[in-house]
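Consider the two complexes below, in which chain A is the common component and chain B and chain C are the respective partners.
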Partner chain A sequence: MRFIFKTDYGQDVNLAKHGGHLFWYGLLMVLLIAAPWLFAEYWLAQLTFVLIYSIVGLGLMLLAGFTGLFSIGHAAFLGVGAYTQAVFVNMGAPFPVALLLAGTLSAAVGVIVGLPALRVKGIYLGIATLSFGFIVVEVLARWESVTGGNSGIHVKKPDLFGWKVDSAEGFYFLCLVIAVLATLGILNLLRSPTGRAFVAIRDSEISAQSMGIHLARYKTLSFSISAALAGIGGALYAHKLTFISPDQFDILQSIDLLLMVVIGGLGSVHGAFLGAIFLISMPQLISLTKDYLPTAVGQAPGLQGLVYGAVLIAFVLFEPLGLYGRWLKVRTYLQLFPFYRQGLFKRQKSFTKSDRLK
Partner chain B sequence: MQFIQLVIGGISQGCIYGLIALGFVLIYKATETVSFAQGELMMLGAFCGLAAMTFLGFPFWLAIPSTIAAMAVFGVLLERIVIQPQFSIVMLTIGIGYVARGLITMIPGIGTETHALPVPYKDQIFNAGALVLNAEQLVIIGATATLCLLLFAVFRYSKIGIAMQASSQNQLAAYYMGIPVKTLNGVVWGLAAAVAAVAGLLLSPITFVHANMGFIGLKAFPAAVVGGFGSLPGAIVGGLVIGIVESLSGFYLPEGIKDVAAYVVVLIMLMVKPNGLFGERLRKKV
Partner chain C sequence: MSAMIQTHDGPSGAHVPLLSAKNLSVRFGGVLAVNNVSFDVERGEVFTLIGPNGAGKTTVFNLISRIYTPTSGSIEFEGQVLTEQPPHKIASLGIARTFQNIELFEYATVLQNLLIGRHTHRSTGLWSDLFFTPKARRGEIAAREKAEEIIDFLDLQHHRDSMVAGLPYGVRKVVELARALCTEPKLLLLDEPSSGLNVEETEDMAFWIQDIKHELGVTVLMVEHDMTLVSRVSDRVLAMNMGEVLAMGTPREVQTHSGVIEAYLGTVDDLSSLRRSSPQAEGTRP
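Now for the complex of A and B:
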C-alpha cells in the first residue's frame, strides 16, 4: 500500500503521481523503443496496428468515455482521414502537411456531425452518427474522380520533407511518436478545465449547464477533437495498409471501434490501449486456437464473429468496467491484501438515466 | 402508373422496415433501451421458418405459427437469461447480434448459402389495369395491416396490453399498482422477437434467407426515429415513409442515392423535428 504525502500543489497536477508511475511507464517506453530489435517483423506490424488503433481509440474514448456521447459511425472519420491522407500524399504533399490536413478535415466533419448532437442525445445521437457513417461510405464509393470508388486507392509511402519512411521500423517509430503525443495531449486535456467540463457533461448535462458550462461549445469541441484523432489514426492506417477502399470504413469497423473502447474500459485512457491490444490480438488468438478445435468448429467462417459477440456479452455482463477495470480490481486486491472486499468497486446505481420524463 | 407502381413497391418494403422498427419501439417503450439485435432476430426467424419448412417438413400453415411461437419463446428466454437491467444493454445487444450471425454462419453447409423460402404464394402476379402486383408484396402489406390491427386491439382492449402501456409510462407507478413489470418486460421481448420473426418470414420470399439479412435492421432505425422512437403507430408510418422515399429515389435520383436515402431522411428529421412525427416532446428533470 502506497501513501502519497503531498507537500506541493504541483503534485496534484503532475501526470506521474509517484515514482512507480515514472518507473513503469519509463520501462514501457524503453520496451516500445526497443521493439523493432526485439520482435519479428510480423509482430512489429501488429504492434504498429495496436498503436494506430489506440490513437483512434483515444479519440473515441474522449467522446464516449469522457463526454458520454456515443458515436456508432466513428469509422467514417477514420475514412475521411485515410482518404484525405491518400489523396494529398499522392499529390506529392509531405507527410506532416497531409497528416495535418487529414486531422483538420476530419475535425471539420466532426463539427458538422456534432451539430445535431446539440439537439439530440442518447440513442438519437447514435442513429445520427450511424446515418452519417453510411452516407460517408457511400460518398467515398461514388466520388470516383477523387477516391477511386469501390476499386480503392493506393497510398504512397510517407515522405517527411525528403526523408522517405519506407521501412517497417521507420513507420513504427512514426506511429509511436504520434501515439505518445496523442496520449500526452489527451492526458493534458483531461486535467484542464476543458477536460473537466467534458466529464461534467458526461455525468449530468443539466448540472454541467447550471455550473456555467456551454454545452453546445463543449460537445462540438469533443466531437471535433475525437474526429481529429480518428482522422490522424485513419491517415496512419492508410499508410500502413498502403491500399484503402470504402468498405474498410463501414458499420462493422465502427462497431469494432466501439467494442474496443467498451472492452478496454469506458472512461479510462488505459482502456483505449488495452482495447486496441484486444482488438488486434483477438483474431490472432482465434487463428492460433483454430488448429486445436474440431474442423467443423475451427474452420467455420462465423467463428470470429461468434467469439467477438460472446466476449462482448461476457464483458458487459460480468465486467462493465472493461479490461482496465479488471486490472484496477486485481491491483487493489494485491495492494489491500487481505482486506479487499467484494463490493469495493460497486457503484451506486446511477440515478435516472432516463431520456423520458418520469 | 409507374409512380403508383413504385409507391406500392415502397410500401411493401416500408412495411418490413416498419415491422422491425415496431420491435425497437416495443423494447424501447418497455425498457428504455435500444436493441441492436432486432435485425438478427429477424434473420433467426427466417432461418427458423426455413428449418420448419424444409427439414421438419411442416406445411406452410403450420410452419408460420410455430416459427412465430418459437421466436417469441426465444425472445422471452433471451430477456430472462442475458438481458438484465443494466447500463450498456446497447452493447449487449450488439454482442447478441454478433453471436447470432456467427452461429448461423457456422452451421455447415447452410449458414453461408442463400436459401429460398418455399411459400405457396411465390411468383404469383396480378394485373390490375396497368399495374403489375406481386403476390409477395400484397402479402406483406396485408400481413402488416393485420398485425397492426391485432397489436392495436391487444394494447387497447386486453388486460396485458393496458398493463404494458401503464408500465411503459411509469414503471414505478405500475409496480405500485400491482403490475408485474418484470414479467411484462419478458413478454415485450417475446413480442418483439415474434414481430421480428413475422418480418423475417415476410421478407424472405423476396430477398432469400441468408446470414447477413439482419443488416436490414440498420435501416429500420431511421424508420423508428422518423416516426418518433416512443410511438407504435409512428414506427409503421416511419417505415412506410422510408420505404417510399427509398423506392422513389431509386428510380428518379442518380444511382447510389437509394442506399443512403433512409439515412438522409433521418438526418433531416433529426435536425428539423428531433422527436419524430409522432413523438411527444418531453423535458427531462434533474
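Now for the complex of A and C:
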C-alpha cells in the first residue's frame, strides 16, 4: 500500500499524483508507440479503432458520466463530424483544417441539441436526443448533392500540408496523438472549475445553482465539448473506413456508444478507454467462440446483440461502476490483502431529497 | 446584544439594512404560502425565522435564493433588487445557503465540494482550464488555500478526502455549512441547521454559528425549530404562522408572545375541546 506524503497543494493539482502513475502511464505510452512494430496489421487496425472510439467515448463520458446528461443520439455527432471531414477533405482541404471544421460544426450542432437539455432531463432528454439522431441520419440520406445519399461517399487519405498519411502506421500515430491530446484536455477540465461545475450539475442542480453555476451555460458547454469530441472521432472514423454511408450512424451505433461508457464505468476517464476496448474486442471474442458453439446457436443471427444485451444487464445489476469499478476493487483487494472486506465499496443509503428543481 | 449590530449608512446617510424584504407574497395556485411578510436583516446579526410546519419559512428562503419568484413584494440586498437577478447570480452577490435535507455533491470528495463553493471566485475560463495554463494552476492553489481555511475553521481535516456519499449525516451537515462559507458570503442562509443532529452536534452548531458571526463577520439568516439553539444564538427572531408574520423581536419577547404560544400550542378553547367530557368529571370540578 502506498502512502503519499503531501507537502504542497500543487501535488493535488498535478495529473500524476505519484511516481507510480508516471511509471505505469509512461510504460503504456511506450507500448502504444511501439505498437506498429509489435502487432500485426490486423491488430493495429483494431487498436486504431479503439483509439477512435476512446475519443468519442471521452466526449460521451463527459456528458453522461460527469454532467449526468444522457444522449441516445450520439452517433449523429459522429456522423456530422465524419461527413464534414469527408466533404472538406474531398474538396482538397488539409487534414487539420477539415478536422477543426468537423469538430467545430459538431460542437455547434451540439449546442442546438443541448438546448432541450435545459428544459427536460432523464428519459425525456434521451428521447429528444434519440429523435435528433434519426433526423441527422435522414438528412445525411436525403441531402444527396453533398452527402451522396444512401450510396455513401468515399473519403480521401488524410493530407497534412503535403505529407500524405497513406500507411496504416501513419494513421495510427495520428489517432494516438489526437487521443492523447483529447485525454489531457478532459483531465485538465476535470481538475479545474469548469469540470467541477459539470460534476456539481450531475449531483445536485439546485445546489449547483445556489453555488453560482449558470446551469444553462454549463449544460450547453458540456453538450458542445462532447459533440466536438464525437465529431473529431467521426472524422477519424471516416478516414479509417475510407467509405461512409448514413446507416453507419444510426441508432445501433448510438446504443453501442452508450453501452461503451456504461460498461466502461460512468464517471471515470479510464472507463472511456476500457469501454472502447470492450466494444472492439467483443465481436472478435464472439467470432472466436462461434466455432465451438452448436451451429443453431453459433450461426444464429443477432448473437452479438444478445451477448451485448446480456453483458449490459449483468453490469447494471452486479457492477454499476463498470469495468473501471471492477478494476478498482481488484486493486484495493491486492493493496489491502488480507484485510479487504465485502461491502467496502457499498454506497451508504442516500437521504431523502427535496427542493429539487422542477 | 443590539449594540453589537453594526449599522451601515447608505450614501445619502439613510440607514440601509443588509437585506430588506417588503410586503412579500407568494401564491401557489390557491395556496397563499407567504402573505405580506416584511422584515429587515441588519449587518452582523443572527436573524431567525421560526414557526410551525407549513408556516412558509422555507418559502421565504427560496424567495431570497431566487428559486421562487414572489407574486408581489420585493427583496433588496445591499440596495440591489434581488428579484431582478437570475438565480445563479445570487451567490456572486454574496448570499450562500444550505438546504433542509442536505444537497451536497454526493459522488465527490469533501474537498471537491468545498472547491465548487469557490466557483464564483474563479479566475479562469474554458480555454485556460482546457490547457491548464499557469493561471489556472494559480487559481486552483488559491481556491485550495481558501478551502483549507474553512476546513480548519470547521474541523473537517479528518474528512477532507472522503466521498460525501459515505459520510454520516452530522458530518454532511457541517460539510454543507463549509461549502456555503467557501463562497465568502455576506449573508448566510441556514435552513434548519440542527435538524437531524444529536445534542452534542447541535451544541457544536451553536458554537459555529456564533463563530461565523463574530470571527467571519457574516450575517446569518436561519430557519430553526430547536428553541434552545434559537435563543442561544439569535439576536432577533421572526415568528411566522400560515404565511404571515406573528411577532418579531428578541428571542425572549417572541417566546412569550401570546400569538406565538397560540400558534404552537393552540388556544384555551382548543384545549378544552380536547378534555374528556365525562359527566362525572364535570360534576366534581370546582
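Note that in this section the second predicted complex is superposed on the first by the 348 of 358 C-alpha atoms of A that agree within 3 Å, B and C clash if a C-alpha of one lies under 4 Å from a C-alpha of the other, contacts with A are read in each partner's own complex, and residues count from 1 in each chain.
Everything that follows uses one rule, which is that a residue touches a chain if its C-beta (ideal position, glycine included) is under 8 Å from a C-beta of that chain, and two chains touch if they have at least 3 such contacts.
Computed from a predicted structure; not experimentally measured.
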item	value
Partners on chain A (chain B, chain C) - clash or fit	fit
For chain A as apex, the angle formed with chain B and chain C - C-alpha centres, to the nearest 10 degrees	80
First (chain B), second (chain C), both or neither touched by A:V262	first
First, second, both or neither for A:D12, with chain B first and chain C second	second
Partner chain(s) touched by A:I4 [first = chain B, second = chain C, both, neither]	neither
Which superposed partner A:P301 touches (first chain B, second chain C, both, neither)	first
Touching partner for A:I123 - first (chain B), second (chain C), both, neither	first
Touched partner set for A:V316, first chain B, second chain C, both or neither	first
First (chain B), second (chain C), both or neither touched by A:F134	first
Chain C versus chain B, contacts on chain A by residue	B
Touching partner for A:A200 - first (chain B), second (chain C), both, neither	second
Superposition-derived minimum Cα distance between chain C and chain B (Å)	7
Footprint overlap on chain A, where chain B in one structure and chain C in the other make contact	204, 206-207, 350, 353-355, 357
Sites on chain C touched by chain A in the complex	58, 62, 65, 67, 86-92, 96-97, 99-108, 111-112, 115-120, 122, 124, 126, 129-132, 136-137, 139-141, 143-145, 148, 165-167, 169, 172, 179, 183
Partner chain B, residues of chain A touching it in the complex	70, 115-116, 119-120, 123-124, 126-128, 130-132, 134-135, 138, 141-142, 204, 206-207, 251, 255, 258-259, 262, 296-297, 300-313, 316-317, 320, 350, 353-358
Interface residues, chain B side, partner chain A - complex	28, 32, 34, 82, 84, 86-92, 94-106, 108, 111-112, 170, 172, 211, 215, 218, 221-222, 225, 229-230, 255-256, 259-260, 262-264, 266-267, 270-271, 274, 282-286
Touching residues on chain A, where the partner in the complex is chain C	9-10, 12-13, 185, 188-189, 191-197, 199-200, 202-204, 206-215, 221, 267, 347-348, 350-355, 357
